[in-house]
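Consider the two complexes below, in which chain A is the common component and chain B and chain C are the respective partners.
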Partner chain A sequence: MTRLLQKNGWTLGLALLFAALLVFTKVIQPGFGLSGLDSLARAALPFAFATAAMTVVVLAGGIDLSVASMMAVASVTGARLMEGATEAESVWIVGFVLLVGLAMGALNGALIVLTKVPDIVVTLSMLFVWEGVALLILQGPEGACAVWLTELIKGGLTLPLIPAALTVWFPKAAVLVIVVVALVWVPVRRSKLGLSIYAIGSDPLAAFRSGISLGRTRIAAYAIAGLFAAFGGLALTMSTGIGEPIPGPYLMASVAAVVLGGVALTGGKGGLVGPILAVFILRLVRLDLTLMSVDPNVTTIVEGTIMVVVVMFGGILAVRGRKR
Partner chain B sequence: MTDPAPNTAILDAKGVAKRFGAVAALKDASLQVARGEIVALMGANGAGKSTLVKILTGALSHDGGQILIKGQVRRIGSPLAARRAGLVPVYQEPSLIPDLDVTDNLRLGDTPVEPFRHWCAELGLADLSLDAMIGDLPLASLRILDLARALAMEPDVLLLDEMTAALPADLVDRVLRVVRAQADAGRSVIYISHRFTEISRLCDRATVLRDGVTVGDLAIEPGIEERIVDLMLGEGTAASAVRAPKPAPKSTALRLSAKGLAAGSKLTDVSFELHQGEVLGVVALEGQGQDELFDVLAGARRATRGEVRVNGTAVQFAHPADAIAQGLTFVPGDRAHALLMQRSVRENIALPLLARLSNWGPIPMQAEAARVGAAIDRLQIDTRAQGEVRRLSGGNQQKVTIARWVAKGVETLLLFDPTRGIDVRTKRQIYDLVRDLADQGAAVLYYTSELAEIRLACDRAVVIFGGRVVDRIEAADADDARLMRAAYGLTAQGVPA
Partner chain C sequence: MKRLLQGTAALGLAFGFAGMAHAEGYKIGISNTVQGNGWREEMVCAMKAQALVSGKVASLNIAHRNTDAAGQLEDIRNLIQAGVNAIVVNPANADGINAAIKEATDAGIVVVAVDQAVTEPSAYILSNNQEQYAYIGAKWLFETMGGKGSVVYMRGAAGAGADNDRDAGFKRALAEFPDVKVAQEVFTGWQQDQGKQQILDYIATGVPFEGVWTSGIDNVIVDAFVESGTPLVPIVGADNAGFVGQLATVEGLVGAAVTNPGSVGGAGVALAIQILDGQKPASNTVLVDPSLWANNTDDGKAQIAAAQNPNLDPEWPVSVSIPGWTTYSMDEIIACKGPGE
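Up next is the complex of A and B:
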């Protein structure tokens, strides 16, 4: 039990912080309720997928600066194809967009492995490449989105057989994040691929000597990141109903959430739950500051300060824990 | 598949060659291992041992020669391929993933758990928790886990590279017994070590490499050590005789003294006196408080009790800079902690000359070059790969860590296991250097994990057991038996064995 706590202490702390922030929000804004939670979850959705993508490559000891651009490509590809498509066709389109994401990520990884150019340089270049590709597909914010997709993240959760009152407070958008992450990451984490991703991030030499193919594992990690980025792009299209070729502020936000989420930027340490909780925390902090009518320019200063303080605080706790 | 006759070579590497650009690391290396045989692979640093090991274990490919496994020519393309061919290595550095627990590490390498547990117990780690994070375990345990993992894979040929270098004496004993039992059960072992005592106790044959060429293949018999050393050193490089340490200095100035020093949970009560011109050895089994002692003296950790005096004045160090200012220079056991691996030999040596705030101005290049050059000559550092220290061999790296303080002019040198895992020739150069420094008036505190070094490099020794000094021995009386008894807490006056 104590071991479980120790291992997941950071995530637990984040969950508590998030709960405290929710209570705080309710106090300063008594009207904060279902619709508030719903819009929070929908605003956080693309950030959550961008962060999931970044987390996977950071765990593998890399970084992917092209996450936001890949999201843009996925978003415009989906929106362009869904223009005039039937609902049934749109299911296939979603599948295609996800494959495109997987391919983009795999290409990022393959370039890093084959050219031996550092990941930060390759993905910086790919940031521009994917940005150009997105603009070739759609020149401006246009296109369409299937109705079932927009409905997927609208409002609260209702399940058959269970009274709506019990579940309706939980936003569908949050459910989507949980389901997607669970479907993609849990099988990976439980497999040898997941272990290999942690291994190459933790100590590449030891991993190589344990018989792991560094190249293949790295490409797989980037491909999974591409897949999450594609989900992020689709989430953008779902919430706006159109495709957006210009990448949003998802790159730096995802790095911030990864750090706040307890993932070591050096790789090998952390998980996916922490960073995604961190996304919600950062969104909620922003909301609270807006509710308190704080100058938007001050808001970013506060966000930055929170990150440093939380990470420092966590570091101090970790050192204390080890001494005992 | 037929079982080969007991005498066929299970592994037969012939004329293996490997070039790195213009440098030929291996020219004509051959190594034969028969079933059930333990072969020592020997050679000075830079002889090509590690290149051959990397080729055999799939970390490098070879350019010439051929490798036969059970009579068939094989190319070993990756560590996985090596394992499939029945060759399992235990490398010098742990190859377990620090951020995963033991179970996950086993899963990663497809290691069967039950045999692994069996070997852990056999090797003295019965109480190991499989949930333990690798990063939280001490180095010695990791070496044992590495070995247990390799044994659990039931290899035909087990390759042990400096397996015992970081192990305390009791674990070394267990390891040697287990390895011997493996050979008796028909498995083969390639054993790389700088410790002759282990080789003569364990091995059947020794294959000697020099400058990338196999120069000898000898059966191990009493007195073979000198022959092996001659082969390793080659013609013309006459082995420098073991120096007779000079008698204890006659009441020269007291440079450094400690009284009742305690820190952390391991260091409880250590006192010693170190005089000018003296080399004082420190002997201890793994984890007896020696790490804490050196940390305190180097200013990296504060003592909870006791007193340190430098030149008779009591001192308190809050930072390593305080210790350096008092003339105490610490050379850590882990070279990676002491050097800037990506920078040049010259920069590394010059760094302590510059590392004062008042020196943040322009660097006096000429003066620096002269002092650095003198230090390189003095230590005979091989500067062919001087652009980046990480490209040097381990022995040369170790020399750089000492050279940087020689260039500065050293008063009190704290050496922590300076010869771990380096070859005989470099070891002797380091002993000579330590003696020279002492002759010139430096005081040296010398921790070593190899008991024989006390006679070779030191004037006197203190033995630490359980965080306290249990014996003080003159180098002349420091035979292995007495040191070993003391290191285990069985002093002459104490409990009988």
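Up next is the complex of A and C:
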């Protein structure tokens, strides 16, 4: 039990911080309730997928600067194909967009492995490439989104056989994040591939000597990131009902959430739950700053300061824990 | 862990008190997705100044950052959570934020979209009348040319909504002057260097022309005439600081600036307050008419002189107010202070 607590200390701390912030929000805005949780989850949706994508490559010892651009490609591809498509056709379109995401990620990884150019340089170039591709697909904000997709993230959860009152407080958008991340990441994490991703992230040489294929593992990690980015792009289309070719502010936000989520930027250490909790914390902080009508130019300073303070606090706690 | 919690609580308390001040009056939310652009900064300052001088606004919640439509959805929903009475928004695009606008109007919140339209029918739209913008400038130009001759027609960006509206206004004026012909029609893309090259190319052909109409790429056109030693013809531009300065100082230049004020933001706040007070406009779409400042009339000269304010940000459009809508003074918008600041 204590080992479990120690191992997941950071994540637990984030969960407590999130709970404390929820209480604080309720105090400053007594009207905060179901609709508040719903809008929080919907705001977090694209950030959560961008962060999941970034986390996987960071765990493998890399970094993907093209996350936001891949999201834009996925979003405009989906929105353009869904214009005039039937609901049934849109199911295939979703599958196609996810495949496009997987392919974009795999291409990122393959370029890094084959050219031996550092991750940061390749993905920086791909940031511009995918941005251009998105603009080729749609010149302006246009397109459409299937109704079942927009309904997927609207309102609270209702399940058959269970009274709605028990589940309705839990936003569907949050369910979508949990289900998608679990479906993709749990099988990977439990397989040899998951172990290999952590291994090449913490010590590539040791991993190589243990017989792990560095190149293949790296390509797989980037492909998974591409898949998550595609989910992020679809989340954008679900929210706005259209596709926007210009990438949104998801790159820096995902790096921030990865750091706040307790993942080492050097790779091999951390998980997916922490960063996603961090996304929810950062969105809730923005909500609180809006509720308190803090000067918009001060808002970003506060957001940055909170991040540094939390990471610093965590660092101090970790050092103390080790001494004891 | 305990420390982490204590730290959070302390942080929370520190920020908490900032929001505790409550006064009588409306609470208005603002959402804007472009930060650091002169036109948009003027818009936000106009919103603050108008809210302050109206005396009816207790507080402003401003979400002003660089983001996409999804981020603006978040901002609007946060403003709904903050319990505002009205939201004035410069939309990221026409369709992407409809869902949140519908949620706001369903909650009884007045939503006014300024500058650009949204397709959600429950929102009010207040924007500059771009058709009229082109019409009054072109009409002045054709009159100044004596009702005959040829004109160089320098448009904005092909396909842009504002450019299409302006083209309709220009054509309407052209129809009223049968002896005026368009010598050359070009798209500047609203790019300074491109516009300058295009007019230099046309001057080089040696074909005479009697006037230039521009869609706001104006000061470089005057520069091109002056630098190439070509005799000046009447020129129409926008109320950009550079061009308005030239209208006051360049020897022999006869020209007019048509206003395209960023202060529509202030007008949007004024409209939101009117609606909250129970005075609904006849139509959901309200257009603000531009004014024309020509340096060949005493009235225009006075307005051009008044706009030469060294305290004014050179990146701002110089028309800082909209007659009939905004009630603040130039000093108040430059101060950029909202209620409670």
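Here is the rule we go by: the second predicted complex is superposed on the first by the 324 of 324 C-alpha atoms of A that agree within 3 Å, B and C clash if a C-alpha of one lies under 4 Å from a C-alpha of the other, contacts with A are read in each partner's own complex, and residues count from 1 in each chain.
What we mean here is this: contacts are C-beta pairs under 8 Å (C-beta built on N, C-alpha and C of every residue); 3 or more make two chains touch, one makes a residue touch a chain.
It should be emphasised that the depicted structure is a prediction, and the values quoted were computed from it without experimental measurement.
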After aligning the two structures on chain A, examine chain B and chain C and state clash or fit.
fit
Can you pull out the angle centred on chain A between the C-alpha centres of chain B and chain C, to the nearest 10°?
130
Looking at A:F313 after the superposition, I want to know if it touches chain B, chain C, both of them or none. Which is it: first, second, both, neither?
second
Considering only the touch criterion stated at the top, classify A:L152 as touching first (chain B), second (chain C), both, or neither.
neither
Could you say whether A:V91 touches chain B, chain C, both of them, or neither, answering first, second, both or neither?
neither
State whether A:G268 touches chain B only (first), chain C only (second), both chains, or neither.
first
Quick one: classify A:Y198 as touching chain B (first), chain C (second), both or neither.
first
Figure out whether A:L135 sits in contact with chain B (first) or chain C (second), or with both, or with neither.
neither
Is it chain B or chain C that touches the larger share of residues in chain A?
C
Lowest inter-chain C-alpha distance for chain C and chain B in the superposed arrangement, angstrom:
22
Contacts of chain A common to chain B and chain C in the A-superposed view none
Parts of chain A lying in touch with chain C, wherever the complex brings them together
9, 12-13, 16-17, 20-21, 24, 27-29, 31-32, 35-36, 39, 42-43, 46, 140-142, 150, 236, 239-242, 244, 246-249, 283, 286-297, 299-300, 302, 306, 309-310, 313-314, 317
Show which residues of chain B lie in contact with chain A when the two form their complex.
57, 59, 78-80, 83, 89, 91, 93-100, 104-105, 107-110, 131
Quick one: in the complex, what on chain C touches chain A?
1, 3-5, 7-9, 11-12, 15-16, 18-19, 59-71, 73-75, 77-83, 92-99
The chain A residues in contact with chain B across the complex are 3, 192, 195-196, 198-199, 201-203, 205-213, 268-269
